[in-house]
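Both of the next two complexes hold chain A, though its partner changes from chain B to chain C.
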Partner chain A sequence: MAIETEFAELRPPADITRATAARRKGPSLYLIAIYGILVIAAFIALVPFLYVISTSFKDTISLFQYPPEWIPSEPTLDNFRGLLADYPFVRWMLNSFVVASAVTIVKVVIDSMAGYAFAKMTFPGKDALFLVVLMTLMVPFAATLIPLFIIVRDLNLTNTYAGLILPALASPIGIFMMRQFIETLPTDLENAARLDGCSEFQIFRRVILPLIRPGLVVLGVFTFMTQWTSYLWPLVIGTKTEMFTLTVGVQSLRSLFTVNWGILSAGAVLSMLPLVLVFLFLQRYFIAGSIAGALKE
Partner chain B sequence: MHDGALPAGSAPPGTVIRMATLLIEQSTAEAAPIPHMRLSRQEHERLRRARGRQRALTAYLFLLPNAVFFTAFLIIPIIFLFYLTFHNGGIITPAKFVGLDNWRRAWSDDLVRTTIRNTVYYCLLAIPSVFVIGMILALCLQRIPRGSGPFRSLFYLPTLTPYVTAALIWLFIVQRDFGALNVTLGLFGIPPQNWLGSTSLVMPSIAMLEVWRGVGFWTLLFLAALLALPPELYQAATIDGASAWQQFRHITLPLMRPTFFFAVVMATIWNLQLFDSVSILTDGGPSNASATVVWYIYKAMFQFNDKTGFAAALSFVLLLFILVLTLIEIRLLRKPA
Partner chain C sequence: MGQVDLIQVSKRYGTAEAVSAVNLAIADHEFIVLLGPSGCGKSTLLKMIAGLEDVSDGEIYIDGNLVNYARPADRNVAMVFQNYALYPHMTVFDNIAFPLKMTGVAKSETDQRVRQAAGALGLETLLDRRPEQLSGGQRQRVALGRAIVREPSVFLMDEPLSNLDAQLRVQTREELLRLHARLQRTTIYVTHDQIEAMTMGHRIVVMRGGVVQQVGPPQQVYDEPANTFVAAFLGSPRINLHAGRLDQGGSGATFVANGTAILLPPRLAELARAATTEAALGVRPENIHVLLDPAATDGASNALPATVSLVEPVGSDLYVTATTGDLSWTARAEPRLPVTPGQTIGLRLDLQRAHLFGESGRNLALAG
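Let's turn to the complex of A and B:
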C-alpha cells in the first residue's frame, strides 16, 4: 500500500518535466547533457560486469591478451565446467540459499509482529524498548563479532546452519521498517475487527498482515539480499569447505591457489546471477527496500 | 388546533405538557444502560486495568521472539565484549583476568592508530564522493522526461553484487597489466598505475570500489526524496524569478535535510566497518596502508596468536567511536542550524 504510493511518486512529477521542457524548446542541449551524464554513469556501472562476464568465457590464452578482447573470439565454458567440477560450488550456493531463506522467513514473521506491537499497541515500557531498538541500529556488527563467535562456538554451533542463521536474527532494521509500514494503516480497521470479536492475534493475521503484504515483500527482499551478500560472519563461523556460503567460497577460489582468473570470473558471475534474476522480477521492492524508512524519517 | 384534538373536558393544557414530559422521561429511562452494564467507578477502573494488563501481555508476546534473539545475540554479546576486554586468552586457553592490560596495549599500539587513521581517511574519500555523485545522478534522473526506469535499474545493479564479488571484479579492473582501468588510462597516454600495490593509491582504489558499488543505492534514495518534494514551492520560486541554482540551494537542499541526515548517519556506520573489500583486495597491505579497524579486529582474533582480549578492546573502541560519532551527527544534523 505504502509502497505503491511511493512508487507513484518515483515518476517525476509532470510539472517538473513540463517546466524543463517549457524552459528550453525541443530536445535541448540541456536534456542532451543530462542524458549524456546518465549514459556515462550507466556505462561505468555496467562495464565491470561485462568485463568479468566476458572473462569468464575466455580460455587461458586469450585471458592475458593485450589489448584485452571484449568479446572472446573463441568462447568456452571450460571455466564454468572447472568451477563446478573442482569446487563444491553448488553446495556453497545451497548453503547461502538455506541461510538467506531461513533468516528471511523468520525475520519477516517476527519483525512484523514486533512492528505491530510498536505501532499499534500500548504497554508499559514501550518507548524505552523502542529506544533500545533505535540504539541497536548504531551497534556495528563487527564490534560484536568476537563475543558472538565465542558464544556460538561454545554452543557447538560452528559449521552448522544454526550457527550461521541465529546471530543474523538479532537485527533491528526490520522492526523499524515494519513499524513504519503498520503505523500508516488506519486504526479504524483494527477497531472494527476488535468489535467483531477478533483477538489481537487474529487482527494481526487477518487484518494487518494482508494489508502490509508489499511491506513484507520489501523486508523479505532486503533481508535476503543482506544475507546473500554477507561475508564476515560466514567467514569466521564456517571453517569446513562444505559449510562455506557463496561469498566465502568465491573468495576462497582466490586464496587457495595462485589466482586462476578464468575460474574466479566464472565464480563471480555465478554468485551474482541469483540475486540479479530475483531483482529482475521484484525490482520495485528492491528499490523500495533501500528507501523504506528513510523517507518517513 | 391542538385544543381541538384534545377530548373535551379533559385536563388543562398545562397537565398535558407535564404528562408528555413524564412520558419522555420514562422512555429515556427505559433506554438507559441495561442493569449489568451499569458499573460502579471501582468496577470500571478494575476492568479497564485488567484489559490494559491483557493488552500489555499480548504486546509483550508479540515482542517476545525478537526479545529472545536480541538478548542472546546482541545484548549479551555486548556485555560479554566488555568483560572480554579485561581478560586474555579464551580461544584456545581459558580466559584470565588481566585488568587494563588490553586497553593499555590498544592505546599504545601503533597499528591501532594506523587503522583508525586509514578507516577515517577511507570514509572521507568514499562518503562525500558517493553522496555528490549520487545527488548529481538523482537530479539528472529527476529531470528527464523518459527512460528513468532503465537507468535506475542499471545504477542499482552494482549494489546487488556481494561485496566479495564486487571486490573480485575490482581485481580485474585495477589489475596492473590487463585491467580495464589501466587500459583505458593508456588510451589517454597515462602510464599504468599499480592501484593496489602503492601506499598512496590503495585507499583511493578501495574507495572507488565503494563508490562504484554504492552509488546506485544513494542515487535512488536521493531521487525518492527529490520526487517527494512539493512542486508548488518550485512553481512559486520560478514565478519569483529564482534561478535553478537558487532553487537548488534554498529549496532542495534544506528540504532534503532529513534524507541527508539519514544518509550520513547510515553511511558512517557502514563505512567505518570496512572489511570485505580490504580482506579480498589487499589484506591490509601494502605496508598496512589499507589496514582498517575491523580488519585488525579480525586479524588479532583469528590469525594472530589468540589476542582475544586485545581484539575485544579494539571492538569496544569501534563501538564507542561509532556511537559517539552518530550522536554528534544527530546533534549537528537533526535541527536546522
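Let's turn to the complex of A and C:
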C-alpha cells in the first residue's frame, strides 16, 4: 500500500455559500397564493360561528325569518336569561372547568417529565417503550370506549370528577409533543448543568422546564381545548344532570320533539367564550422562541 | 492538584471507535491542546474526562483518584463548551452564580465570587443581561466566568474560540493565556486550529480517527512530525508531501516520484538504507527556495527546474506553486519576487530539513 500523503479530513469543507444563496428569493406569487387560500379558509371556518352568535341574540320570531338576518334587527338577551334561569348551565360550566383544568395541569406535568425522559435520558428499553407509547396513538378511542367504561363503572366512578378526569390523563400525544420539543434543546445545556452540580431532576426543573415554557403552554391550551370540547366520554360517564359537562349539557338542551335554537345558540356562545379568552391571553407563547441566545448563530 | 492521567482510554459508539486507547499524562498547571480534524474524537475525549460520556475502556485519574465512576460535578473540573451552553433564561449573573448555587455556597459569598469573576473578565456592566443580549465574545466570556467561578483544578475547553471572528479570536487567545498564567490551573484545550495549538499549548496532542498520533511541545511536533498526517496537518501552506520510491543507486540514495529523481543528502540516505523502497518525501514550503534563473539549478542535485502554476501574495510572503513533471511544490518566497504563472523557475529543496517517511507514513528519523 502506498504511503498516505493525502488526507480526506484535511481538505477544506465543500462550498457552503451555495445553500445560502439559493434561499435568497423575495416573497413570491407562491406566498400570495398561500395567503389567499388561508384567508378564504379562515372565512369559511368563521361563518358558522358568526351565525350561531347572531342566532343567540334573536327572539323566537326572527329566528325563522327568511332570508335570515345576520344582524338581528331587535337583539334580545332572552335566550341567555332563559338558559341561566331554567337549566344548571353554571354547574355544567363549572364541571367543564374543573375537568379541563385538572387534566391540563396533570398532563402538562406528566407529559413534560415523560417527554424529557424519552428525549434526553438513556435507559434500557427506551426505544421499545416509546414505540409502545406511539402505538397507543393509533388505537381509535371508539375501540377502547366500552372496555374503559366497564372499568370505570366497576370502580364506581361514574358520575364523579375522577371518572371524567382519570381516563383523559393517559394520552400519548402530549408525551410525543414534549419529546419532540425537548429534543431540540442542545444537549450541552444539560451537560453544563450536570457539571454545575445539578441532579437529573434539577436539570429538568431548573434548565429544561423554563426553556420549554412555550411548549408547555401549547400543550396546555391544546389539552384544555380538547377537554373543554370533549363530548363522547362525558356523555357515557355522566348520567346525572349535575355531572354533565358543557358539551353534554348544551346538547341536552334539545328536547325530544322541539329544539329551542335560540337557547341552544346562547349555550354554544357561552361555551366558546372561555376558549377564545384562553387563546387571546396565551397567543404570544405560540410565537415566542425560547432558546435564542443559548447557541451561537 | 490538577494532574490528569489517561490510561488506555477508549470510547465506542456501537461498533465505531471514536477514541482508541489514549494514554496521556497531563501535569499540574499544564496547558495541553488536543488538536485534530473534525470528527477525530477530541470532544469525546474531553467529555469522558468531564464525566459527560461513559468510558468504554481504560481509566481516567484526576489527582491520582480514579474518576471513571465519579459524577461530573464531583471531579473538580469545569468546562467551557463550544456553543457556550449558557442558560438562556438566566441573566449573566445567574449564569455565573449557578454552579455556586447548586453546590450550596452561601449567598453573600456567591455574590462576591461572581463579582470577582465578572470583574476579571470585564463583565461587570453586563450582569443583568441575558445571553441573547450579548455579543459572541461576551457570551464566550460569560461561559469562561461560569467555569472559573468554581475554582476547579482542571479546565476543559472545547473549541472556545471557534465562534469568534478572527480579530476577537487573537485577542481572546491572549486573554486565555493571561488567565492561565494567573490562575495556574491545568487546562485541556480542544481545537482544530493549528495556530491556536501552536501558540497556546505547552504540549499538543495530535489526534486522528480517535488515535493519538503524536504528543509533544508545539515546535518539536512541527519540526519532527511523527508521520505524514502530522506533517500535513501542521503548517500552512501545507508541507509538500510526495509518495515515491527509494533507489539505492551507485551515486547514492535517490528518491524517485513520478519520474523526478532527487538525490538524498547523507542524513536522509542513512535513513533510506533502513527503509523499504516505498517512501514519501516531505519538504516544508519555507525550505524550498525559488531561483529566478532555472539555469542556476544545473549541477545541483537538489535543485529542480519547474513551471510556475500559481502565485499567491499574502503580504508578508509570496506562496509560489510550481510543477516539475507531475509533482507540484509550494514554496514560501520573498513577498515581491517577480514571478508569474507559466514562468520557468528553479526550485532548490533544502533537504537538510526535509522528512522521509516510510511504511504506514512513519517518520524514518523517529523510528524505534
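General remarks:
Just so we're on the same page, the second predicted complex is superposed on the first by the 236 of 297 C-alpha atoms of A that agree within 3 Å, B and C clash if a C-alpha of one lies under 4 Å from a C-alpha of the other, contacts with A are read in each partner's own complex, and residues count from 1 in each chain.
Here, a contact is a pair of C-beta atoms (placed from the backbone, for glycine too) under 8 Å apart; a residue touches a chain by one contact, two chains touch by 3 or more.
Predicted model, so just to flag it, every value in this text is computed and none were measured.
With both structures placed on the common chain, the touch criterion links A:134 to neither chain B nor chain C. Once the two complexes are overlaid on the shared chain, A:48 sits against chain B while remaining clear of chain C. In the superposition on chain A, contact is made by A:170 with chain B only, not with chain C.
When both complexes are overlaid on chain A, the residue A:254 reaches chain B alone and has no touch with chain C.
Legend: residue contacts after superposition of the two complexes on their common chain; A:110 is shown touching chain B, with no touch to chain C. Of the two partner chains, chain C is the only one touched by A:186; chain B is not.
Of the two partner chains placed by the overlay, only chain B lies in contact with A:279; chain C stays clear of it.
After superposition on the shared chain, chain A has more residues touched by B, the comparison being chain B against chain C. When the shared chain is aligned, no partner comes close enough to touch A:90: not chain B, not chain C. Put simply, chain A uses residues 9-10, 290-291, 293-295 to touch chain B in one complex and chain C in the other.
The touching residues of chain B, when paired with chain A in their complex, are 52, 55-56, 58-60, 62-63, 65-66, 69-70, 72-74, 76-78, 80-81, 84, 90-91, 133, 136-137, 140-145, 147-148, 151-165, 168-173, 177-178, 180, 183, 212, 215-217, 220-221, 223-225, 227-228, 231, 234-235, 238, 258-259, 261-263, 269, 272-273, 275-276, 279-280, 293-294, 297-298, 301-302, 308, 311-312, 315-316, 318-319, 322-323, 326.
Interface residues of chain A facing chain C in the complex, by the touch rule stated above, are 2-5, 7, 9-10, 186, 188-189, 191-198, 202, 207, 210-211, 290-296. For chain A in complex with chain B, the touching residues are 6, 9-13, 15-17, 19-21, 31, 34-35, 37-38, 41-42, 44-49, 51-52, 55, 63-68, 109-111, 113-114, 116-118, 121-124, 126, 129, 132, 136-151, 166-167, 169-170, 172, 175, 200-201, 204, 225, 228-229, 231-232, 236, 246-248, 250-251, 254, 259, 261, 264-265, 267-268, 271-272, 275-276, 279, 283, 286-287, 290-291, 293-295, 297. Chain C meets chain A in the complex at residues 37-40, 47, 50-52, 71-73, 77-79, 81-89, 98-99, 102-103, 130-134, 136, 139, 146, 150, 163, 208, 228-229, 232-233, 238, 241-243, 278-280, 357-361.
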